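These notes concern the structure reproduced below.
Going in written order, the chains are labelled A, B, C, D and E, and every chain counts its residues from 1.
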Amino acid sequence: MKNRPILEIIGLRKAYADNEVLKGIDLEINPGQLVFVIGPSGSGKSSLLRCCNRLEESSGGQILIDGDDITASNANLNRIRQKIGMVFQHFNLYRHLTTLDNVTLALRKVQKLSNEKAEKIGLDALARVGLQDKAKSFPDQLSGGQQQRVGIARSIALAPKVVLFDEPTSALDPELVGEVLKVMQELKNDGMTMMVVSHEMGFARAAADHVVFMDQGVIVEQGKPEDVFGAPSQPRTQAFLARISH
Amino acid sequence: SKPLVTGVDATFAPHAMPKLGGGIQGFNVDLGHALARQLGTTIEIEGTEFSGLIPGMNAGKYDFVLAPTTVTEERAKNMWFSEGYLNTDYSFVVAASTPSFDSLDALKGKTIALNKGSVYEAWARENASKYGFKYDVYATNADALQAVQSGRAFANMAGNTVSAWAVKQNPKVKVAFTLSTGRVWALAFRFGDKETRDKVSMALKCLKQDGTIARLSEKWFGVTPEKGSVPVTVGVGHGVPGIEGYDPTPVELKCD
Amino acid sequence: MDFEALAFTFFNLNVIKTYFPDILAGMLVTIELGLVVSVTGIVLGLGLAMLRALQWRFLNFFIICFADILRAIPPLVVIMVLFFAFPYLNLSMSAFTATWLSLSLVLAAFAEEICWAGIVSVPKGQAEAARSTGLSWWQSMVYVVVPQALRLTVAPLTNRVIAITKSTALGSVVGLSEVLNNSQSAMSASGSATPLMMGALGCLVIFIPVVLLGRWTETRFAWKQ
Amino acid sequence: MQEIYYNFFNFEIYKEVFPYLLDGLWMTLLLSALVIPVGVISGLGIGILSITLTSRWSRTLLAIYIDVFRALPPLYLLIFIYFATPFLGIDLPKMLAVVLGFMLNNSSYYGEIFRAGLQSVPHGQVEAARSTGLSAMQTLWHVQIPQATRNVMPDLISNTLEVVKMTTLASAVAMPELLRVARDAQSLVYNPSPIVLAALIYLALLWPIVRLLSRLEHRKLGGGH
Amino acid sequence: MKNRPILEIIGLRKAYADNEVLKGIDLEINPGQLVFVIGPSGSGKSSLLRCCNRLEESSGGQILIDGDDITASNANLNRIRQKIGMVFQHFNLYRHLTTLDNVTLALRKVQKLSNEKAEKIGLDALARVGLQDKAKSFPDQLSGGQQQRVGIARSIALAPKVVLFDEPTSALDPELVGEVLKVMQELKNDGMTMMVVSHEMGFARAAADHVVFMDQGVIVEQGKPEDVFGAPSQPRTQAFLARISH
């Protein structure tokens, strides 16, 4: 079982009405891997991530998380979702709750932990992102970088098997990007499995185990970062990489 | 036995009005209690709005309407009446500085203020063009009288008993003229509810007979009814003669 | 179930025939009053909200007091004071005017709060963009901030307009013959509860279009995506 | 001027009727304590239905419910519920009739307010909550409702003020509250001072609440200078 | 007069309550110049720009635009503001108006042009940013890059003497950044005078005439882009440049 991938995406399809935006995606993520997904706007990157914890219903294929099929109609969604964290571009912190309450809400309400236990775990998670002293602050009192770090703490507090990041730094001032990437790097070092959609190529080169280039709903090219970035084999990949490094 | 339940509109002094210590009082409230005593039972009298009284009675929430109700042919199409217990004449109340008058001609070109939904409103509607006056209707008689005080109306027309009370309360107004009408106040019942009507009417007859009504008139209006007037004259049948719902069968008085 | 008695009480055909004209006349007064109250109330409320956006301390204090007081006291009292007390100051007005003015003030108080919330919700950048192209403060309010604020206010304003227009019934304290009063007068005169039913139906006839208009406006002015 | 004092600010009358008005105040408080929570909770239910129902039919039915009960004058609603139900063989206790009548009316008003509030919560909030495993109900309760409530606090306050004042209609089914008691007192002394006194009591009761709640809102101005 | 700067900032100070965020800024911009302003978050870049068209009241110093003192208490603000355009980080397009109406509003209401004239100018401005076919679209129907280009069109339609850009691309997907920078480059080629706050160093190297590095309310270093970026003389500049090129 050691070799079993944590996340297995098999022939995944997704259509909005008549518009098919994922046209059969196959992807495996092994424990401890950081998979980096790039691709032009509208290529389906977000849709892929959102299908993985069923924020969107897929229209075909399967997604297995640690062996559980999240696309099954009888899947215990709320349980499986605990295994798969998600970090959003716009943080989506609960504005009415303190940082700590943001992090502990699911612990208290889904895992039904006592307040003390949840708080302990929550403070640990905040410590991992370097924000234990902001536990009592509200999101509106934090900078964007801090908010995103709380967003990360919120998802790792649940001890997920894999965390999905959807452009975690693209709503941030360039100066604040670094602090978030640093936290992600530390998670990676601690052995967390991650799938990251981002345009931070520098980070991808440094931290990714595997890079996936998507376009128009299919995986066009994938491989080690040095291969995909250094010597892309597909013209579409080449064009894209040229474009974003204006 | 089950107590009688009825309601009054407590904005109708001195017939029904609040007691400042709590509860309600007035001629009709006393009348209600006297009726209950006569019938060997008790009575619950609720202070409510006039809008709630008629639907309340039809719905069976109230056994009858104790609030002073002037008998009219029109109302008799939808409710039954006991015989009258008081005459109701119409008094015109004016500002204290206005001279008194002795005929309706004095109203020419003037505005009079009335209580909404009263027989006075109906009267005014019928007579406005004849005497050349205008009229406004207000939610309560107190509002109507306020209109006179504010100079918005020349006179307030209301039942003589009510006007007498108002004048006593408020030295800035006075009664300028009283019009006799021959109309009476009576208790109102559900249309066709013969049993309750006959039972309560009987008690009313007894109260006339034993002088209770006359005593209440003295207590609340300071007026001793003349011999032969409505408060002291027991009618022949149940209801008001000449009005729908009247039962002319002579009634044999049975009072305990 | 006693349908016959129910019908006799609430759906008495004779009574309906007799009082239909009265109820209709009352409806016209309600519609007329409702229209003018809505217009003046909303315009005044919007104006106050815009003035409040100027953020002049002294003025704001008065606007807030105005809104608080008129929202907290029963409109009945406002009507009575305007109608019965102002003549002593030689400011006499008709029942219609007094009711119109009072309800307009009350609606203005509510509308001010609603519009203010709407104005606050428009991102600061909108006004800044307008100002930076040379629009005056007033122009940026009128052409940029308020049109966007109003979208948010349609739903609560509809609520308030209906509620306030229904309280035209309070005009009865000053002798205004609108639909609810006429139905109550008719009930009292006829001794039947049927006119109440007629009044209620009259209200439905008047207000359902208002509600639908509110819903329509809301969808019509949703952001074009 | 003296006339105004005599008729509206007559301290002797104030003193005389004050204890009597207090009885009415208790009834107002009691009614408010029953009617407001029921209205808010049922309104929240309607608001949640408004954003969750998807089928055309159920949405239309809900819209009809909301619109009809917003359009009907609550006085008539009360009268019909209390006085028409006996014909159907149901005898509702007074209090229940009042609560029910106000519930039908208030749930539509509060329902529209909560709908606007729930719609104003960004969808990302829901997604974040669901992605951590919170169920739909938990998301609603712990994330959407608290934020929606904040966003529509001004409307909630305004509407609640209206509801407190509206409890006066309960006097139609013989539950005399503050304003009604003041009207009775006015008719007793033939002087409108008790009404003004009642207004002052309303103001004393409601103003602090309004101010306090407004404080909690932390609203900032968006409309630039 | 040819040599007179279009924008002259002289000893500009700005304080929020007790917090002085601009501590005496002196800066001149000559016709046709593109001045690039960089600096860490909170250093006062936005405040500087916002004082220039008096969205914020300065607390000391002077700002002359084409000779008019915009900080004077009797300045005809609405007239002077026509001379100085502003492009915002979050576009701030009027959501309730079409693209064309966004661009023409000030022409119609401030310059009181007839609808036809305003439309003609508006369409020209939209053409310059490549969006004449989107004239009837609403902002919510456009991508971020398109929205920002409309924002630029809105300010150049007024034929300003100078345009201020406050992080015009930092709210955009990396893919969309290029199209906005391209428009800015074209403006520069057409001789427009611009002051730009941005973190797009590549663009600065290529297009800026002058780079200003600000920190804590003062100008720490300024000069040609190759000097400031290539051989910064101040430690603060060096640290900042190191930080943002993680």
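Heads up, the rule we're going with is that contacts are C-beta pairs under 8 Å (C-beta built on N, C-alpha and C of every residue); 3 or more make two chains touch, one makes a residue touch a chain.
Chain-to-protein mapping (UniProt): A, E = Ectoine/hydroxyectoine ABC transporter ATP-binding protein EhuA; C = Polar amino acid ABC transporter permease; D = Amino acid ABC transporter permease.
Just so it is clear, the structure is predicted and the values come from calculations on it, not from any experiment.
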Partner chains that chain B and chain C have in common: D
If you walk from chain to touching chain, how few steps can bring you from chain A to chain C? 2
The chain pair with the larger count of contacting C-beta pairs, comparing C-D against A-D, is C-D
Suppose chain centres are the mean of their C-alpha atoms. Which chain sits farthest from chain C? A
Please work out the Cα centroid separation of chain A and chain B, and write it as a whole number of Å. 81
For the pair chain D and chain E, the C-alpha centroid-to-centroid distance in angstrom is 50
Chain A and chain E have mean C-alpha positions lying a whole-number Å distance apart equal to 35
Could you work out how far the Cα centre of chain B sits from that of chain E, in whole Å? 82
In chain C, which residues are in touch with two or more of the other chains? 5, 9-10, 80, 84-85, 88, 123, 126, 128, 131, 193, 196
Where chain E touches two or more other chains at once, the residues are 55
Taking each residue of chain D in turn, which ones touch at least two of the other chains? 3, 7, 75, 79, 83-84, 87, 192, 224
Listed in rising order, the residues of chain B that touch chain C in the complex are 50-51, 54-55, 58-59, 72, 74-79, 113, 116-119, 121-122, 136-140, 143-144, 146-147, 149-152, 188, 191
Any idea which chain C residues touch chain E in the complex? 123, 125-126, 128-136, 139, 143-144, 147-148, 151, 221, 223-225
The residues of chain A that touch chain E in their complex are 40-41, 143, 170-171, 173-178, 181, 199, 202-203, 243-244, 246
Contact residues on chain D for chain B in the complex? 3, 7, 16-17, 19-20, 23, 75, 79, 82-87, 171-174, 176, 180-181, 183-192
Residues on chain B engaged by chain D in the complex (per definition of touch): 7, 10-13, 17-18, 20-22, 46-49, 51-52, 55-56, 58-61, 140-143, 145-146, 149, 165-166, 169-170
